[in-house]
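Presented sequentially are two complexes of chain A, the first with chain B as partner and the second with chain C.
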Partner chain A sequence: MSRNRRLKLQIFRLAVFVLLGAFFLIPIGAMFEFSTRGVTEDAPRTLNAWLTIAQTPDLVAAILASLGLAVLTSLGMLVLLVPTMIWVRLRLPHLSRVIEFLCLLPLTIPAIVLVAGLAPIYLWMNLNISDSILTLAFVYLVLVLPYAYRALYTGLAAIDVKTLAEAARSLGASWITVMMRVIVPNMPVAILNACLLSVAVVLGEFTIANLLNYVNLQVAIALAGRANATVSIAVAVASLLFAFILLVILSFFGRPRARVAPDAPGLPYPGAAGGGMR
Partner chain B sequence: MRRPLGGGRRLAMPQWIAAAPFFLYVGIFLLLPTAIVVSGAFIDSAGLSLANFATMNQRFVINAFLNSVLLSATSAIIGAVFGALLAYAVATGNPNGAFRRLVSSACGVLAQFGGVTLAFAFIATIGGAGFITLWLQQHGMNIYANGVWLYQLRGLVLVYIYFQIPLMVLVFLPALDGIRPQWREATESLGGGTWHYWRYVAGPLLAPAFLGGTLLLFANAFSAYATAAALVNQGSIIASLLIANTLTSEVGLANPGIASAFALVMVVIVAVVMVLYTLLQQRTARWLQ
Partner chain C sequence: MTTAVAAAGVGTAARAGVEIRLENLRRRYGAVTALDGLTLTLAPGELVALLGPSGCGKTTALRLLAGLEEADGGRVVIGGHDVTGLPANKRDTGMVFQAYSLFPHMTAWENVAFGLQMRKIGAADRRRRAMETLELVGLGGFGNRYAHQMSGGQQQRVALARALAIRPKVLLLDEPLSALDAKVRARLRDEIRRVQLEVGITTLFVTHDQEEALAIADRVGVMQSGRLEQLGPPTTIYARPATPFVAEFVGLTNKLSGDVRGGAVEVRGTRIPLVQSDVPDGPAVALIRPEAVTLTSSAETSAGPLVGTVIATAFLGATSRVTVDLGDVTVLAQLATSEATSHPAGTRVQLALRADPVLIARETSGATPA
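So, the complex of A and B:
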């Protein structure tokens, strides 16, 4: 590469990074700035808005509800997906395409469409089972399927499930033991990834909760925004920080990208078609 | 041969039984709602009919869908161009460097970013009392001289670009990584310059990936709801808001049948775009492995 071209390339790269860096960082910085404003224009910086969060019962309730949903969804996801995926890998390989298709399907069905079909189901559930906000965990589990599936798939593809299972079985282990004490302990990073992604999706979810009239974290932030913009932006920053921390942990922990099996799910990347937060 | 103790199949249960809970669950919470939307679109008070689709003729419905197409196309094209530039800037750096890891992690996070928080971020930046707005005002400039556009279609385009660019980086970077430096050297040894390289070698190779990425971004924007809902307080300027407002009208005009019809139209559009995307993706994979 000629020196001239190298120089031009470096200038181009610098320009792109500075320009887009500003585009991405300024709105986040502006949120911090906004959340520390005083009441009047020249009032000194204050953390009042942040302190008010804890004193606003509606916000606290919504935060607790969203955290509860995140835990329930993650647990449900593990219980539903892990045994099924291991079993399919061992005994029902012909079903693996179907499972993959179903798990990735929520990416193609916009949440706003899903909610139109969910309305009657939740109406029935409210009347006959429970109208608790925690029932949202049922549909959130569906929303996190694509992300969890991909994380778990990578984990399973990295270990020799069949040999492990046969070895354990030949030593007299039951299927439950095989799963819980042999295979699961061999994929801790995948399980952690699947849980973190699920938590991130649940904490960011707005569409379904809003349209089914439940007040989760994001809905509460939107509602609070009408009463007190500073406080709601403070909560937004807090939830954003929390999600960032989760996802940064995620990106540092895992993604053994080098060893993706050749038939890894044909999913581009997390989040096509309005999954999760959008 | 003896079966191992405590193992073996003592009960003659079919093997698929173990996968049944999964299918049952997905059936109830994913397939059933989808089926309700599809069937609901074709049922009105009189039974089976196409009456719900008749509403598609109305001005405000056509406008909402056209606006959605416009918003998705604009934000997809702008997002794809800037995303591709950023991906190129990243790809030309050290492939194992910390900077590249930082940028791809950040893109992974930002591509997921959206909804209320993103809307608020822009309100805090260029809203009426936003950081940039105030700063510019102090310097005698007003970005809203012709009216506040943040809460209109133009504003949505700007906000959507925020998650479109990182998404493009994620899908386009692998394609750029597939380009080998030898191809450029080969072009040069045959007497070709930079223009020839981009026009006849890299361009055609990257075109399917770029087009595919743009389609994905389109689908992504088309089905987005939360960001627009948080930013636009009333009216149904785009299709997803229209569906939401038809579903839960505050003035008692809710009509699930018509909402289902709109939702079905949206699903069909998104599905077509995603199929095209998959086809282009396969074509990309053929060359750039």
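So, the complex of A and C:
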């Protein structure tokens, strides 16, 4: 590639980066600006709205509930989906289409329809098992299936699951060991992606919680917005920042390993590490 | 260089190979019969290569022996124990795969130690045995490398070490060299044989590469359509093929029309004995190896059934393969290169057919080099 062409490409990349950055940051900046306004037009900037979050027990409870739901949903999704998808890929490949259809189905069902079906079940659960907001994890598990399925599918497609599993089996590994010690460690990015998407879906969910009369983060933001708009915006910015931190963690874990060996001692024969052998 | 290591770690003294028996194995995939009653016995410490075209059932046989698939019928006996119903992780087999199969998140030594960990061997012993086995395959300095930091040949060596480290009763090699380039393939092939002899492990080697099979196996089994066509030492398979399929699959073969009469076939004036005893008299196609064809310059002979013109010479190193056009058919002759150079393209030559016993092909039409 010529130098001129490389320079143009770098300028193009920078332009895209700045444009997208502005697209995301300007609204967040505006929200932050709004959340730090004083009560009157010429009042100085204040962090009162942010400080109020911690002093509003209902809001804190809603944030904790949503975080709890995010953790429970992510764990449930991993426990349900990861072994199922690995097993289907290894032993029941003819069922892969069925599993894909089932996992993508929630995308086609509006939340209001889901609630219509789930309301009687939640009524029974409230009476007989628990009325904790954490029971929402069951329905959120259904909601995150399409996103988590796609993320995990990509991860599984990137590795030769069958050969790795057969190699481990021939070395004496049980199926559980094959999954936990051989397959799962080779799809960390896919698992993190699936978790991040699940967390994002749960933290952003409003309709189902509201219709089933639970107060999660989004419902609490909506309620707070009626009483104090700046507080509700501060909470919204905080939840966006939380998602941003998760993304940073993801990119940290997802960094590819060094592709070149640091040293090459004792090649077994001349040209042993040559490209032709790869 | 590694004999001492082998003796201490995974050497012959530690164990002797065991007998492996595949008895009347059958396997179908829908309407396709992959294995049709395969019976095969491997003597302790023997290396048997299963050779055949794609879809002949050789890999299926290996996978049934490994326990990676279930047989529809028949038995697998390892060291006198019927393991037909045992899952793969209980069979005590070591396997090297065609695809690179190292666990990407583990270093070379961790890969080799994985099977030992499954056998609940202590951490110190695991590490020691893993490093010893890496030494055995010539990769002592590569223990801390990940798969992506090694070449294909090195990865397959580590896979071999991983398979051997658990001291399995049988070593299974599923075309382990097919992803490598020719030079590395030949070198690693010899390495595998060296290690197999050092360790003394009974080994089943599946390949579609006849050169590979003939070069390293004690016996070669040629398979077709789920059946064993012939099983024998490489020299026998090559020089005395039992069936036309074996003759055509292993090595190059000239197909020349002839006339069978009285237990021999007459090909262009040369009478050649037959391998088969049940060939009826009449027209037939004889399968003749290029090595059984010799050339002499034919300046004074202008015509004759075995007089032709050299149209091409392929240089193979010590030998060369000369293609001669006889007018109605082309014939391949394999000669010492020094001899072949005296018959450049365009030269008129007289062929002679050595009277080695030949096979008769099933079809009776066509007469071209296979």
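Definition applied: the second predicted complex is superposed on the first by the 214 of 278 C-alpha atoms of A that agree within 3 Å, B and C clash if a C-alpha of one lies under 4 Å from a C-alpha of the other, contacts with A are read in each partner's own complex, and residues count from 1 in each chain.
Following the convention adopted for this analysis, a contact is a pair of C-beta atoms (placed from the backbone, for glycine too) under 8 Å apart; a residue touches a chain by one contact, two chains touch by 3 or more.
It should be emphasised that the depicted structure is a prediction, and the values quoted were computed from it without experimental measurement.
In the superposition on chain A, A:Ser170 makes contact with both chain B and chain C.
Once the two complexes are overlaid on the shared chain, A:Val16 sits against chain B while remaining clear of chain C. With both structures placed on the common chain, the touch criterion links A:Pro185 to chain C but leaves chain B unconnected. A simple residue count on chain A separates chain B from chain C, and the partner touching more is B. When the two complexes are overlaid on their common chain A, residue A:Ala111 makes contact with chain B while staying clear of chain C. Using the contact criterion defined above for the overlaid structures, shared-chain residue A:Pro44 touches neither chain B nor chain C, since it reaches no partner. Of the two partner chains placed by the overlay, only chain C lies in contact with A:Asp160; chain B stays clear of it.
Once chain A of one complex is fitted onto chain A of the other, the partner contacts of A:Pro57 are absent, as it touches neither chain B nor chain C. On chain A, the surface touched by chain B in one complex and the surface touched by chain C in the other have residues 169-174, 266, 268-269, 272-274, 276-278 in common. Chain B makes touch with chain A in their complex at residues 4-7, 15-16, 18-19, 21-23, 25-26, 28-30, 32-37, 40, 82, 85-86, 88-89, 92-93, 104-106, 108-118, 120-125, 129-132, 162-163, 165-167, 170-171, 194, 216, 219-220, 222-227, 229-230, 240, 243-244, 247-248, 256, 259-260, 263-264, 266-267, 270-271, 274, 278, 281. Against chain A, the residues of chain C that register as touching in their complex are 66-68, 87-91, 93-95, 97, 99-105, 114-115, 118-119, 138-142, 145-146, 148-154, 157, 159, 162-163, 166, 172, 180-181, 183-184, 187. For chain A in complex with chain C, the residues that touch the partner chain are 159-160, 163-164, 166-174, 177, 181-182, 185-186, 257, 259-261, 265-266, 268-269, 272-274, 276-278. Residues 5, 9, 12-13, 16-17, 20, 23-24, 26-31, 33-35, 80-81, 83-84, 87-88, 91-92, 95, 99, 102, 105-106, 108-121, 138-139, 141-142, 145, 169-175, 200, 204, 206-207, 210-211, 213, 218, 221-222, 225, 229, 232-233, 236, 239-240, 243-244, 247-248, 251-252, 266, 268-274, 276-278 of chain A are the ones that touch chain B when the two sit in their complex.
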